[in-house]
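Below, each structure is written out as structure tokens.
Each of the next two complexes has subunit A plus one more chain, namely subunit B in the first and subunit C in the second.
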Partner chain A sequence: MAEETRLIEQLIDRYEGDVGMLIPMMQDIQAEHGYLPASDLRSLSKRLEVPLSRIYAVATFYTSFRLAPKGAHDVTLCMGTVCYLKGSPDILEAICREFQVEPGGTTTDRLFSFQAVNCVGACAVAPVMLVDGKYYESVTPASALEILNGLYPDEDASEKEDEA
Partner chain B sequence: MTKLCGKRLNNHEELELVREDLLKHRNSGTKSVCVCVGPGCAAKGANRLYELFCEAVRQSDSKVKVEAKSVGCHGLCECGPIILIQPGDIFYQRVEEPDVAEIFRETVLSDRIVERLLHEDPSTGEKARSPDEIPFYKAQNRIALAYNGLIDPANIEDYIAAGGYTALPKALTTMTSEEIIAEVELAGLRGRGGGGFPTARKWRSCRESDGSPKYVICNGDEGDPGAFMDRAIMEGNPHSVIEGMVIGAYAIGSSQGYIYVRNEYPLSVERLKEAIEQARQWGFLGEDILGSSFSFNIRINRGGGAFVCGESTALMASLEGRTGEPRAKYVHTVESGFRGKPTNLNNVETWTNIPPIINRGGEWFAGIGTEKSKGTKVFSLVGNVVNTGLVEVPMGITLRRIIDEIGGGVRDGKRFKAVQTGGPSGGCIPSEHLDARVDFDELTKLGSMMGSGGMIVMDEGTCMVRVARYFTEFLQKESCGKCTPCREGLAQMLHILNRITRGEGDVGDIEELGVLAELLEGTALCALGKTAANPVLSTIRYFRDEYDAHILDRHCPAKECRGLFRYEIDAEACKACGICLKNCPEDAITGEKEVPHVINQEKCTLCGICWEKCPFTAVLKV
Partner chain C sequence: MKEVSLTIDGKNITAAEGTTILEAAKAAGIDIPHLCYDPRVKPAGTCRLCVVQIEGRAGLTISCNTTVAEGMRVLTENEEISAFRKTILELILSEHRVACTSCDKDGACALQDYAYRYQADEGRFGLAKRKPTKPNYATNSEAILYDPDKCILCGLCVNYCEEVQMAEALTFAGRLGQMEVGTAFGIDLHTSSCVLCGGCVEICPVGAMLDRAAIGKGRHKDLIRTRTTCGYCGVGCQLELLTNPTTNRIATVTSYLGCIPNNGNMCVKGKFGMQFVGSDKRLTTPLIKRNGKFEEATWSEATDYVAKKLSEIIAEHGPNSIAGLSSAKCTNEDNYVFQKFIRAAIGTNNVDHCARLCHASTVAGLARAFGSGAMTNSIDELTNAGCIFVIGSNTTEAHPVIGLNIKDAVVENGAELIVADPRAIDLVRFSKLHMAQKPGTDVALINAMMNVIISEKLLDSDFVKERTEDFDAMAEAVKDFTPEKAAEITTVPAEKIRQAARIYAKASASSIVYSMGITQHTTGTDNVLSLANLAMLTGNMGKKSAGVNPLRGQNNVQGACDLGALPNVYPGYQSVEDAEIKAKFEGAWGKELSPNKGITVVEMMHAVENDEIKALYIMGENPALSDPNLNRTRKSLETVEFLVVQDIFLSETAEYADVVLPSVCFAEKTGSFTNTERRVQRVRSAVAPPGQARSDWEIVCEVATKMGYPMSYDCTGKILDEIASVTPIYGGMSFERIDSVGLQWPCPDKSHPGTKYLHKGRFTRGKGKFHAVEFIPPAEPPDKKFPFVLSTGRLLYQFHTGTMTRKSSAINQVSPTGYVEIHPDDAKKLGIADGDNTEVMTRRGKVTTPAKVTGNIGRGWLFMPFHFREGPANMLTIDALDPLAKIPEYKVCAATIKKAPATS
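Right after this comes the complex of A and B.
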């Protein structure tokens, strides 16, 4: 509880309590926790004297906010025009099928949170997928699955490290 | 280096002293290795190349002074990673990690060219040493992108040495607000964010509006999918945007600015933040800029991933911490915008054009382009074209020259079908109009739009109904839902297009789409809804036969819509390897060794796995 309040106090300081800076404050909360914890939103609402309903309206209007904890990795698939024309719908389908995940959701084992976004602005090398901010170019359904399967901690490698 | 470097500059003279010093230092024989880390090159591993060059510089014991720089998008993304060596403008493409040592040893230290890494013209086989010899760059005219790929965006000294921050002191010390606006007016600059509104007129209205404070905003939301012009500028030359904004703010009489950056562009935010910090340190931002009595600050806000927030009133609502819903514009934002105060919003590229206009004069700028569209425009040339990348061309150039001469034509020897401009509010232009000149009014006449600068080339394998469906789905998802025509109209249009692409279309669907389109155009609240039908209307206008084939023949001529074409095995190409047979999840393929395989059409579910797996491209779509 104390932790939480401290973060909110810091945010109020950082943005001089300016209600207009609500979105940056919420972005900072998300940067801290990876999502927007309900308790933080309640404290923010109290401190800023902004109705909680308005905060939730903002949280649900903008697709970049999430209300549930995220997975260990961030996976973003670009669905921009060029990526779309070059096959991103097939990649999307393959990922959803293989990992039983929906865009905006997180795999049940919390391996990764999955987002399908409008455009990441790397159209020249479409289709593009990002894993934890790293760009992968000219992705195919098969290469996407290979990359994502590679996110599982490599047991052999860690064993070797243990031995060394 | 003078003591002034990095200190707050108090006047124009101090700035010139610093510039002289920087130039002296730069011309003293230092070699630069510029590594492009734009989005295309970065995806191909350019950041690692940059590290390797830095390492090579550190370890070098040669007398030659070398610096490695990471620079913004150079343009020819197709051939990335790109490395440029100065002096000499030596252009290397498709550089890989093992090439670094050779480039360093041969070119940097010994002035020898590594032939293998030069660009080769596919038609003539001629090798180019520098960008000006490459057809892709020859037809371009770079004003907004002048320093992109040449300067280190994280280092203000690079921008100053290249001639940056010369327009600002000129404006502050020798021009009145009205003179600045008059110069922009003479230039004929129109907004690069899509609407093409005359910039000077907007500035003047804002300047003359009652109310204070006044705000100046830079629209860096770049929501159009298939576009990365603004990103390239923000990440490649952030100071040019800042300089443009300070000049604009001075002309308008504003002391607070905002840059609203798309959430998907974290690097843009970082670059702009660094640049703002440096500009403040040097006295180009903050209190009493360059010793004048003019003060101006800039704050950065990140978007939340909503396309509609690129629209001016929605953007301002978002800046106020609210949901990004547009409002009707019977009161203009120049009178009552952000926080109810006079607000001037311009696009990133618009701002970037200001310093060169002030430096070289409105007349010079107006000498480029067509009667009503002046200057140049940056496009992201992407899709099924040979040279994908970022290009800046004079207004009035034909689409054909952009696609054939700069873009190198359609990829893989396929036939051109259409070029899509204007993003989701734009349209698809067919080959019979390729000689149209690119300017605001011409493109609108063709049922498309200039838009912010996405230019997507589509070949014969692209289904135009599916393209229309894509944009409609995009807009339906992004509609904020405030007004009924947009919320419900787009949902209905999408529903019809879904049916058509599934082969369930009815006679009369196209007319129905027309009715909905008219309704949207006439009654939607903001430009998102008003222009939302353009992709559908333009594809119906030019590709009606494809719609008819889907509806009447249940056939997709481009063979993209699943279910509206069949797979067959070409008996002559089939090597009877058995791969398709083993992979078919429905056991729909029969065949034996040395006997061409056959697909049983009754069992086939059209999943396409055989088509993907066949190593001899013997599986055909018919």
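Right after this comes the complex of A and C.
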């Protein structure tokens, strides 16, 4: 039996095959893999007799579900009012262009997963970017790219950026 | 149902309790603006355009999901409502890229109409910007284009896909500004569970979803709409062909809400299968074969030649040396004229058509049991059946729009569906019970069901006593046919047979739906008689939603049978061997007629071998691909002394012809078709014929006249009038009467309203007749050398020999070629992987075709679709015939299969 099918069978047992528990089942799949693998959702669809299109709709509706594996790092860019006024759209564009990534997506080399959010509550030091929970203040497009390029393991330039 | 009274815009209205305000208003002729409402799907209430004011309620109320109440006073338009609607439209327009100048839907866009009506400003909240172009689920589709910039996210397409077609291909992906219509994981539409019904394109209120092939072929405002009856299957959907008058081409096809029988729904063939009409492969001029090569000829040369040759053959060998194949694709008028030509001008009853190959056993069997051989009920009655027993019909593929009714009956009305089919067809996912009987064992299965019904006293004794005869003989025949005995023959577990019998017998109204899985056997007539027995035994006859319903295959196979394109009957199933009836037709046609019945399709081909048939006149049929045992059929077509083929394409059969006469297709003719529920409906010409092509009836009349039997009609309406005068079941038909919704026969006179269901109170033959039917195995059981049972059948995407469907790019994308279905265990044993080329062989021939390895078919069984000229399944099928109906056994023969070397 394939790995994904075993997990699905466990979930069916855990929730007694109740279609109403679709979301908890999907949460458990994500807890297991860090994201929702397509093969698991296909098995779940077959087993619960819920069309795959509907499961996909649920998976894409809730931002907490992810359909691709997470990157090694979490990058969050604040797009709240103050950050917005102080230039976060330009930062967003620079990051998207440089790393070929979209908000909600992960870089193809899985370096980081990228989110654009509404406010992180640090307006005084806007614009703000978070990397793995760490706040970077008064970011510019150039500094943001430097910080992110610094995430590659063989480049050890992160200290310099902190001071920049 | 309780009625409530209310007023809408000051008008007093009564409506059934539970009706929404929007529907009640619509019924009263008050149109409330809406973008996300369609009566076929549940109201979503997302567009907010349908707001109304209800007296005593604060604010505005959405009318599409608010039900009427006693004494309610509703206003559908005032200043406040108009201002609100204008703002709503302006908000929608801020997310809809207005591109009416280059949009196909210009002139048929609800948003455009409402924006104009309320003078909405598309820039009030900022003009909608182009979203970054990226591929979506339809980018690679040949059928559909999806433009997210124009999508207003009303949800109609998603809901239609889920609730009406139940294909579950489309969904909303994402949320807020990122929301779009898509498929699961954004996979290509043609690889998803989509069945290409085109419902999403049809229901889209704007131009976000378009028929890809129609783009740039004409804006809706410039297209001419012609309502007609679909030329594909026997459902008889009402379509509107949208033609561009400057190019004389069909741009796209649509339908409309509320029409009978399809209520605006279509299938892939009706929606995307019309490219053949304007194909450059159409025949445009008569052809005469000289020295083995076709040469163009004038009409007068060609018809002179045909008339002369046929006259010579009659003079030398007598009229019975000529046989004609009429056509289930042609109109009632064409068929009537053709059989009259064969009977009166030639002087023989050797006329038949492809009904012989699909429902001859229905006509023979139901006529014996009930007195007339057609669907007993109407299509819409299926929706209210308590139990639907589908046996030998892959309804969702072969009659997709009737498939919608069945699915709706199950999902919405709780009907219990029993499916008996060797394969796990799509309907199985809606069924309570699936019995996968071994091909060719239907009598055993049905006899065992009746055994259970009798032994468990579930029969309707009153009905049996009052309405039927010969019950005892039938009861005796099934007495020992226990489910256990049937289980051995059919491989269906005995307990399942018991359950099926109980569900069928106990339901309020049970409807049997069957098709070629029942008829195409050497025991086809027996199978039909068994189903008739089952229905009568439980009293499921002569009432609404209960009966025996053969689904007819071709668009006008019912009409071709009704109008006497059969060797034993004149129009209206009047026997050629009855002297009184013969005298009536001799009077009407002014010619002495043959007292002997003629020969059937397959017999004609065999009679060529014995030199009994010297000439064949084939109108709109393609036996070189559709008949069983093709090597033998093609030999007959090749050796027959004189072959005339009248067709729209140079078909496989036409290639053998001495003379080819170009005719017009359904979109270029006028006349009528009779659908599977006996409804006679209008066919209206939408485009001009290509080149010199002419109507079938006109060509036949000219040949007959040149042979010394003058035939001419001013128009097709006059032909229908003549039909009505000699055909009692069509007695009340005329173009005027069938104009709006058609008429269902029997319709004996001009004041008769037509007949919704048959045998009410009395069977056509008086009493319903039971028949004792014994189980007889198929003609060619599997053996050591040919260990597999091979069945053939149809696909959703193709029609018959593919001459029409295979000209569609949308269809070719999803159904490029044929295949053979084989069970994974069998495939493994033979080293065959999915997609491998295989060689399938029977005693009659072999073909090479790719394997489709699937658990939907049983071990030891193979299935092949028959539409494809490459790897034609009919090279393999057997021409063993049902002794009564002369239908060949397409559904069972013995075969073997092995892996073939990969083709280069």
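Keep this in mind: the second predicted complex is superposed on the first by the 97 of 164 C-alpha atoms of A that agree within 3 Å, B and C clash if a C-alpha of one lies under 4 Å from a C-alpha of the other, contacts with A are read in each partner's own complex, and residues count from 1 in each chain.
What we mean here is this: contacts are C-beta pairs under 8 Å (C-beta built on N, C-alpha and C of every residue); 3 or more make two chains touch, one makes a residue touch a chain.
All of these numbers come straight from a predicted model, not from anything done at the bench.
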First (subunit B), second (subunit C), both or neither touched by A:P69: neither
First (subunit B), second (subunit C), both or neither touched by A:G17: neither
Contacts of A:L52 with subunit B and subunit C, given as first, second, both or neither: second
Touched partner set for A:F61, first subunit B, second subunit C, both or neither: both
On subunit A, positions contacted by subunit B and by subunit C: 54, 57, 61, 63
Residue numbers on subunit A that touch subunit B, as the complex places them: 19-24, 27, 54, 57-58, 61-65, 76, 79-82, 84-85, 117-126, 128, 133, 135-137
Subunit C partner contacts - residues on subunit A that touch it in the complex: 38, 41, 51-57, 60-61, 63, 67, 104
Of subunit C, residues touching subunit A in the complex: 161-162, 168-175, 178, 182-185, 192-193
Subunit A partner contacts - residues on subunit B that touch it in the complex: 39-40, 42-44, 77-78, 80, 222-228, 231, 262-266, 301-307, 318-324, 339, 380, 382-384, 388-390, 420, 454, 456, 458, 462, 467, 470-471, 474, 478, 480
